[in-house]
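In the two complexes that follow, chain A is the common piece, with chain B as its partner first and chain C second.
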Partner chain A sequence: MTSTLIETSIYAAISESIQAEAKRILSDGQVSTIVGYAAARRKGSAQPIVITDASDAQKLIFTPACVNNLAVYLTKAKKDIPKKGKIGIVVKGCDMKALTGLMGESQLKREELYLIGVPCAGVLASTFAPSQELTDESLAPKCTECDAHLPTGCDFVPTETPLTPELEKKYAVEIARLEALTPAERWAYWKEQFAKCIKCYACRQVCPFCFCEQCLCDRNKPQMVETTPRPAGNTAWHIVRAMHLAGRCAGCAECERVCPMDIPLNLLNRKMAKELKELYDHEAGFEVTEKGPLTMFNEKDDQSFIK
Partner chain B sequence: MQKYISRQNFTKLLDQLIATGTRVVAPRMNAGTPLYEPLASSAEMVMDQLPRRSAKEAYFPVCEDIMTYEKEGQKVSITDIDPARFPETVLVGVRPCDACAIPVLDAVFSWDYKDEFFLERRRKTTIVGLACTTSDDACFCTAVGLSPADTKGSDLFLTPLEGGGYVCETFSDKGEALINDHTSLFNEPNNATPLPLAQPYTEKFDLKKVKVWLDEHFEDSSWDEIALRCVGCGACAFVCPACHCFDIVDEGTEKAGKRRKNWDACGFWKFTHHASGHNPRDQQPKRYRNRIMHKFKYYDDKFGQTLCTGCGRCIRVCPVGIDIAQIVEEISKK
Partner chain C sequence: MHLAQQQHTFEPKIFAFVCTWCTYAGADLAGTSRMQYPSNVRVLKFPCTGRIDPVFILKAFQQGADGVLVSGCHPGDCHYIAGNFHARRRFAVFRKLLEFVGVDLNRLQFSWVSAAEGGKWVEVVTDLTEKVRNMGPMTEFKELAMEEQWSGAINTPELKEAYNAI
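Moving on, here comes the complex of A and B:
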């Protein structure tokens, strides 16, 4: 089977627009800091960068290797980014959903941000080298289901329009496969996946919604979740996290991208999102709302489970 | 001693070892991820991919029990884990970047306190190294003075040949014993051409210069530039063949439980969090600085060795693209 190339030629023009806008807002003092992406040493690679000087604006880029959800740097769990005055941030549509959620949870104020939106045709899957060209195969699985190629509600968005072919929705297909299994088979699948976990907490550290200043799982008095990287504690950790994110996670898939053990963590989050859609007609990340369906009671809520 | 073994005899060797009760640990796929794990059969082995985690876990597992306790009324009984019960092991297909780290770790595990959990496994393990024929742009073993054919740490070293099979060279009594116990599977070396070696990142770092800079720059603005983006996970340390910090936890109930030794990482906020609430490494750049200092200064000060073999794993897994090869190279040019 031949793979289909994803058109990313607009990324060069987008990079130039980002640079010009960043230079302008840093020079005229509209923002004190910008969080964006810069090229890194490995061929084709990119990494997050924090700039405070207009002369560094030329370092900013957008390429298929700009995979990170930079919203994580604005959360209170990551205290080290200077937060004086307004902060500029480069956001893809999926990242914007996280910012929307963080605003709803009173973690960020819209007026303290300058949002540079990116028209995005997709980014690379973590299983491919950064130099790989973007195709329907090398595309990050989340991008096959993207409904936010053009971020909304930004202060600045380059004028380019991404071409986005209709693709097989990878998570939907995989969730359907898992749903068709028996509970015992499904349990065997997740047991095997969780057994690989080494408790490096990369999933937690990159998650914009894991902003607790002290994670419950880091506590030992009392110990809520076994900290040891063994099957019981691993399973508890990933299920606690999936439940905590239900109705909040908008699917940036950073947890899954960074897992060094290839655990398909976003499947858990997508499954929860599917349940929330079916039960409460709720989708995270589209509007700033203070409370999600799991944190409030509504008389219209499904009560069929009460017998 | 130098011998030849065909690909077919090599799989026979592993299956014979497994059949006679020796634990054979080699790269195999675990739910889609290559890891060094015990084999049930030689057919499970995958030699063409660098395992995601290093071979250190053959000596220093992700998690191990070191003691169990039981309490009945006022009576508490404690049972130590006996390292004498660790199995005889042959660790196969170890890439030089992993094998070279093992003697480096000997220094710290046999220093003032002799860690019998590590050392007894070490005594009972024969390491079969494998010359490396594949690399990517994260590999930099040559930059830290090693090579894709480095035999340091190996008891027996395999060099793959064109058309299959390996040249086997021994570097210890353990390596010779492995051949002598299975002589019918080995032949005299032939003229077959070795497969071309991997060609990683070649520019050699001046590690002396790096250390001189580190000696004088504990406080420096570069640490912020390097590590402001660090998100504080433990991925780099956990995939590293040389990182060796661990935490000890007691887990169980009031009636019974276990004391366990688990991998730990200096990137974690909790790593230096004192009971008082004070944290001397209160910002992420200070934690990342420790990673570089430990690898290229402290371990050198104490044991005269470098705590990095250039495997590139931390570069590949870092969620935010922190590149230790680039950092060390830049320091060497300061």
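Moving on, here comes the complex of A and C:
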């Protein structure tokens, strides 16, 4: 099968615009800090960077290896960013959804942020080397279903427009496949997946919405979820995780990217998003709302499943 | 009148999470009215259906429940005004999640039973018990609890070789 190349030539021009804008806002004191991406040591790779000096602005880049959702650095779970003045942050469309959600949950204030949006055609899947060229195969699965190539509500967005071919929606296809199975077959599938989990909690640490000071899954009085990496506790952890993120998850797929055991975490997230769309016509991340779908109700909500 | 005692080969364990204001009172009414219903049900009383965390259902299955019932006040009757409306959404979504990971939803029943509906309580409990009895024991979660960590199984040739070399 031949693969289609994803056009990323605009990323160079985008990097330049980001650098110029970063330099401008840092030198005129509009922001104290900028969180963005910089080249890392391995060829073609990128890593998050926090800059506070205008002379560092030229370090900022945007490439298909800029996979991280930087929104997580702004949550109270992370203390990497000095909290003074306005903070600038480089965001892709999916990262923007996370920020929108965090604003709705009163974790961030819009007026304390300066958002540099990135017109994004896609980034690399975690299973490909960072120097790999971007094709429909090496593309991160989330990008095949992206509906936010151009982030909205930012303070600055480079003018380039990404070319985004219509691709097979990887999660939707997989969800449909699983839905067509019998419960026993689905159980067997997830049992195998969950059994791989080593409870490293990387998925939790990287998620912008897992900012609880004490996670339910760490509590031992009473212990709701067994903490050892055994099948029973793993299954409970994954179900609780998916439930706590239902209606909030931005679909950045960071959890799935960081999982060392290749568990398809975002598949559960996308399934929940699909159900919330069908049940309550809710889609996370598009507007700042005070309440999420599971913290509000409508008296006419469906109750056909209740006797 | 004494009902003939029926003998069954399998007696399912049913956990019922109920709110104290409606369903618990309804079950009480069934009792004081001397209505008969299967003794398979273990009732756990909560202040409100809004207090019933989905993780309790999970825990119940892990601890050996063959079926779970969640029951509270009818919409509009909640003692705390909106607890059951919140619960309704939460459980609608939680059901979908359980279904997706492969739990048979026939083992999970939700109902509204008011303090005056002793008869409905009997009906709901009897139906669920019979349904679950026909389905047989819930083994999935119990098996998980018996199983060991993935790394306990040396299931690839590479791993076996490395292990034998130690």
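Everything that follows uses one rule, which is that the second predicted complex is superposed on the first by the 307 of 307 C-alpha atoms of A that agree within 3 Å, B and C clash if a C-alpha of one lies under 4 Å from a C-alpha of the other, contacts with A are read in each partner's own complex, and residues count from 1 in each chain.
One rule holds in what follows: a contact is a pair of C-beta atoms (placed from the backbone, for glycine too) under 8 Å apart; a residue touches a chain by one contact, two chains touch by 3 or more.
In this text the structure is predicted, and so the values were computed from the model without any measurement.
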- Should the pairing of chain B and chain C on chain A count as a clash or a fit in the superposition? clash
- With the two complexes superposed on chain A, say which partner A:Met272 touches: chain B (first), chain C (second), both, or neither. second
- Would you sort A:Ala202 into first (chain B), second (chain C), both or neither based on which partner it touches? first
- Would you sort A:Ala188 into first (chain B), second (chain C), both or neither based on which partner it touches? second
- Task: Quick one: classify A:Arg230 as touching chain B (first), chain C (second), both or neither.
- Result: both
- Message: With both complexes superposed on chain A, which partner does A:Ala71 reach: first (chain B), second (chain C), both or neither?
- Response: neither
- Message: Quick check on the superposed pair: does A:Leu178 touch chain B, chain C, both, or neither? Answer first, second, both or neither.
- Response: second
- Query: Which partner does A:Ala246 contact after superposing on A: first (chain B), second (chain C), both, neither?
  - Reply: second
- Scan A:Asp301 for contacts with chain B and chain C and give back first, second, both or neither. second
- Just chain B (first), just chain C (second), both, or neither: which does A:Leu102 touch? neither
- Message: To test your reading of the overlay: chain B has the stretches 20-28, 272-280, 290-298 or 326-334, and exactly one clashes with chain C. Name it.
- Response: 20-28
- Task: Would you mind listing the overlap between the chain B footprint and the chain C footprint on chain A?
- Result: 195-196, 198, 228-230
- Query: Given the complex with chain C, which residues does chain A contribute to the contact?
  - Reply: 178-179, 183-191, 195-196, 198, 216, 224-225, 228-232, 235-236, 238-240, 242-243, 246-247, 268, 271-272, 275-276, 279-280, 293-297, 299, 301-303, 305-307
- Note on the structure: Counting only contacts in the complex, chain C reaches chain A at residues 53-55, 58-59, 62, 75-76, 82, 85-86, 88-104, 109-112, 124, 140-141, 144-145, 147-151
- Query: Can you list the residues on chain B that touch chain A in the complex?
  - Reply: 30-33, 35, 52-53, 62-63, 136-138, 224, 228-229, 231-235, 237-239, 249, 251, 260, 262-263, 265, 268, 270, 283-285, 315, 317, 319-323, 325-326
- Note on the structure: chain A residues touching chain B in their complex are 40-43, 45-50, 68, 72-73, 78-81, 129, 131, 192-193, 195-196, 198-202, 204-206, 218, 220, 223, 226-230, 254, 257-258, 260-262
